[in-house]
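By letter and in written order, the chains are A, B, C and D; residue numbering begins at 1 in each of them.
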Amino acid sequence: MIFASDNWAGAHPRIAQKLLEAAGTYASPYGEGDADRRVQDRLSELFEREVAAFFVATGTAANSLALASVSKTAPLIFCHPEAHVIHHEGGAVEFMTSGGKLVPVGGDGSIQGKIDPGKLKKVIARFPTDDVHVGQKVALTLSQTTEAGTVYSLDEIAELAAIAHDAGMKVHMDGARFSNAIAALGVTPAEMTWKSGIDILSLGGTKNGCWCAEAIVYFNKNDAAGLPHLRKRAANLFSKSNFIAQQFEAWLDSKLWLDLAKHSNHMAEKLVNAVKASKNVRLAWETGSSQLFIIMSDEKAAELRNAGARFYDWETPEGLENSVGAGEQIRRFITCFATKEDDIDTIARLF
Amino acid sequence: MIFASDNWAGAHPRIAQKLLEAAGTYASPYGEGDADRRVQDRLSELFEREVAAFFVATGTAANSLALASVSKTAPLIFCHPEAHVIHHEGGAVEFMTSGGKLVPVGGDGSIQGKIDPGKLKKVIARFPTDDVHVGQKVALTLSQTTEAGTVYSLDEIAELAAIAHDAGMKVHMDGARFSNAIAALGVTPAEMTWKSGIDILSLGGTKNGCWCAEAIVYFNKNDAAGLPHLRKRAANLFSKSNFIAQQFEAWLDSKLWLDLAKHSNHMAEKLVNAVKASKNVRLAWETGSSQLFIIMSDEKAAELRNAGARFYDWETPEGLENSVGAGEQIRRFITCFATKEDDIDTIARLF
Amino acid sequence: MIFASDNWAGAHPRIAQKLLEAAGTYASPYGEGDADRRVQDRLSELFEREVAAFFVATGTAANSLALASVSKTAPLIFCHPEAHVIHHEGGAVEFMTSGGKLVPVGGDGSIQGKIDPGKLKKVIARFPTDDVHVGQKVALTLSQTTEAGTVYSLDEIAELAAIAHDAGMKVHMDGARFSNAIAALGVTPAEMTWKSGIDILSLGGTKNGCWCAEAIVYFNKNDAAGLPHLRKRAANLFSKSNFIAQQFEAWLDSKLWLDLAKHSNHMAEKLVNAVKASKNVRLAWETGSSQLFIIMSDEKAAELRNAGARFYDWETPEGLENSVGAGEQIRRFITCFATKEDDIDTIARLF
Amino acid sequence: MIFASDNWAGAHPRIAQKLLEAAGTYASPYGEGDADRRVQDRLSELFEREVAAFFVATGTAANSLALASVSKTAPLIFCHPEAHVIHHEGGAVEFMTSGGKLVPVGGDGSIQGKIDPGKLKKVIARFPTDDVHVGQKVALTLSQTTEAGTVYSLDEIAELAAIAHDAGMKVHMDGARFSNAIAALGVTPAEMTWKSGIDILSLGGTKNGCWCAEAIVYFNKNDAAGLPHLRKRAANLFSKSNFIAQQFEAWLDSKLWLDLAKHSNHMAEKLVNAVKASKNVRLAWETGSSQLFIIMSDEKAAELRNAGARFYDWETPEGLENSVGAGEQIRRFITCFATKEDDIDTIARLF
């Protein structure tokens, strides 16, 4: 019963099988192989627009190199205070941008994990263009789904993107859980990205069935001009890039990615129902995606862990201090492509 | 007939099979899984000493992060002028060290690809310790096998390492083709590394049968203290690090790595014999490993390529200008774990 | 009537005279001259402890290099959200630390410009030691006087420093207006620095009578080990460092620095009295130093500017929105060593 | 008898006097003052073209920021192997360019300190455009006068600049001793810079009569677009930039800079004559500028030092090993604006 994170599982059988088959073949290295080219085409189809896609080793690489590729000297990048890029990437964005600054823009307290448009405008105003003392505004980055498991609506994305564009910035989406957001909203990849104002996407396959498949997707080729040198310099250009391409190909084939995301979201829904049916545990907030935040007592948490369940304790976000009682804490549960209905049933009985 | 590089092949069947089997399991992410730990132990056995090993995405990552981990402000790193780190890694070492300088130290012209000890001493002397104007000497890096396909003897390694140590530096080995060197010398991994003065090794599995398996191996744990933060910051910490561990485990199992290297060296020997038997082509210099440098006419090269052979043209190294006639050029041929005897026979007939 | 900033004035006559006299002499370059050594001794006397002092070109250089010298990979530096280092130094700290992160720690709203100890503890707790995903805690930096013109008491400094030390961090003081703080508190330089827990000081002479005289002062020589290479690499090692040394010598002589700071604080007091005596303008908050924040109407501001006064408009800090009426704004007035009593009298009449 | 370097002297009386007079005035900070603007105009006159000039703290800052301002990711900068930027600036260029590589291009052995056009072409050819593995060619940098005291002719500059431009690079001149070169060649500043293909100049006043006056001069304003943010981030934007402007103004006034350079060159000529008249010492090579390289015995050097002379020992350049006998060494003597005829006479008698 692994609910710790969606990077504990291995790979989906169809992806593993594809790799096995490709093992005996030759391919041009460094992204020049046939499969690399096919994935470019498949992604262009998926996004209903010609895109430029680049494979990298990790989600952190995707985020930090995407942001670096649209940076200038002393760049300012606006993000949510709990964003993965600012709090959990070990300084990668700051390093890849040679000293960029991530400027936190809080939510309004009621919408966990989302940037508030009014606050974004106010914070941006503090950084006048052409003032060498403050640096240069270059990008807004949104996580979809958010670190709090919530999902921006298309309108919310569009509103934030418009503010960023008005300030001369690019808009980046951290799509480590892109598939889950698409499955949750029931929209197309095009709608959730460039049609809503997204310029660059970190597209994550690793958390949704692949061993290691992360790509930076540019919706405007011009934005991608600097990426190849940045990626090589950051030691993120795979020689046998074919092994990433093969994974992505299997992942895109017959919309495997979407089926897997629907499955994990569905498992999460069942888990929500189990929480709601229990007297001992309760949701900290609603998410609508594959991440759940459940308030439970330390006793109950220990009991579940003794029964073999794995999940993380979660820090109480600002504004929710009063929702969490003494001896209680928020715990994060994540479902994924590999989660089994049995596991849900078992943990439901233990709640 | 792919002799272009050893990163064109896929993966060995035993490695592919291992990945397939692991796909259905769960593992702790970020290097904390069981297989990660097992590989640590296996490498300690292999090197007859407790080592600290860290997986990274690429050989460039291994080299640049290894060197960064023993760097100081404004570091000076001494290398051969044709070393991969100085000429073919897109500035990764300079970037990862926040502006380090690779100082080229030439060979003596007669030993292709190797640093000459006398020149090393002379160049080092130009950078006095504690002089802020010149920076800080931190490391010597050797490629084994070298970029010219040659192989340092144990004595040669030991002599260079002693000079570096005397100057207060660490010694790093770029072992992208470590296995081939071991197979060529017929020595143990311990003998070719720490017993000869090597402090840190970039151990490459990718060019010898893996999809993507690169590790930084420290023979003294203290030297590794800075690596974890550097690796994370460089976006080179895999979440599903299990997929690297599984490859390494299969690779180390029953000395698969050594068998594969012996095979590719053996194929190279046969290729050498074919060259020597031909009136049309000749060796530019002897290597003793899986890389060959063959002088042939443009006509012959075109003929081979038309027949489906893939290989690279190679720039004539300084000092060999007179060995290469008009209408001729050096071509690099590389054999690998996947090279078939048939391919050798076919090309031999075409030489 | 220049109240815009304390970097608009030239230099005090005694400092200018000293430079004139030294112009005809020779001195060893790069900090090795006799005057450089004398200033080291004079600073050790001033701080009642042997210090290591290094001249740099700007206050930004002092802050960023001081913090870089105690940094590690992916460093975390805690500061007030309005600190000069985070908001007005063009990304210098992030650059000099090769990608450090400045983590803002808010005040409690009632004490403008000061870090609240409770909040500091809470924020620090979010960054566990040895977690590669969050980076490494290295320093707390305090501005004295603060960017809001307020002055930390010795107890306040000591409390914050103790929290930082407990978390394994160094404590840095941005002393661009160090002299004004000493004059305001009536304490000794030793008391306000190392006796209260400060490890490193950016000591600013430029805003208090010098042309260009900034130094990084280490109270523990070990902390300074990395600075010389960092300073050279950052292009901040003056060849004719004698011209900085001469300024500092004149500045320290007969406590000129303290007399000048007392003068500017005294001019500020008179300005406060003028504000309090006026019906048209009022203080936004009390400061106690040479910086004043005055709420006045746009009309009044225009009137003063027409009369030749120079001062800056100031953004309303969070929490004070209700104190500033429509058509009003906060304006910052700064007095300095060169401010004349006549100027105060003139502007007082105009208030 | 200081011949150690031209940064040991203080400042010329006219420059010191100018600073004294300006001390009592106010000026807008950060390069916005009236004198800053006047110097811009004066430099445009001097160079017979509208230039964009930026003050920085040191010659190292001028070189490294000038090169950074025209850099791209993983930049390649070509220079002489003995250039100050590669050997004596503590890694500043590599740091300011976030990991740039200085590629050494040797001379032909007969012209000390100068880049050989043929070798430049050959080295450039090794770095194909658009190859991510090698980085991006951005600039050629020439030192005028060279580190060996020699002076490029206008034709030599133009030939090298044309090669660089053909490769899509900018051409930078390290003019730490710009004035001495102009005085030596008897040409105009325009002729030696943009009319010969120079795009950016590091203009040094410090070694020729100023306390601290270094500027980056752009002959095409577009090239300067990135500089302001780079300079601020590098902590090289002076607040009281007026004190640099005042020095430059005095320096440019009535061509003081040229008179001082003529004086120091003239003193060097007299020193050359003294060397030639002596049986005990001899020139290592001819320079034609204010730097002399004299071969003398250790005994003679000790004798001169005992008599109070200061000068540096100099490493024997490659190719000249046979010119320097046992017990002998090359010594560098530099004259400057402050060198007195008496000093020359005295040392001449001691030779």
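Basically, contacts are C-beta pairs under 8 Å (C-beta built on N, C-alpha and C of every residue); 3 or more make two chains touch, one makes a residue touch a chain.
No experiment lies behind these values; they were computed from the predicted model shown.
Most remote chain with respect to subunit A, judged by CA-atom centres, is D. Interface comparison, A-D versus B-D: the higher count of C-beta contacts falls to B-D. Measuring from the averaged C-alpha position of subunit C to that of subunit D gives a distance of 35 Å. Taking each chain's centre as the average of its CA atoms, subunit A and subunit D sit 51 Å apart.
If you average the CA atoms of subunit B and of subunit D, the two centres end up 41 Å from each other. In subunit D, the residues that touch at least two other chains are 73-74, 89-91, 95-96, 98-99, 132-133, 135, 229, 232-233, 237. Partner subunit C is touched in their complex by these residues of subunit A: 73-75, 86-91, 94-102, 104, 126, 132-135, 315.
Here subunit D touches subunit A in the complex through residues 72-74, 98-99, 132-133, 135-136, 226, 228-233, 237, going by the rule given at the top.
Against subunit D, in their complex, subunit C makes its touches with residues 2, 5, 7-13, 15-17, 19-20, 22-29, 56-61, 64-65, 89-92, 95-96, 206-207, 211-212, 229, 232-240, 242-243, 338.
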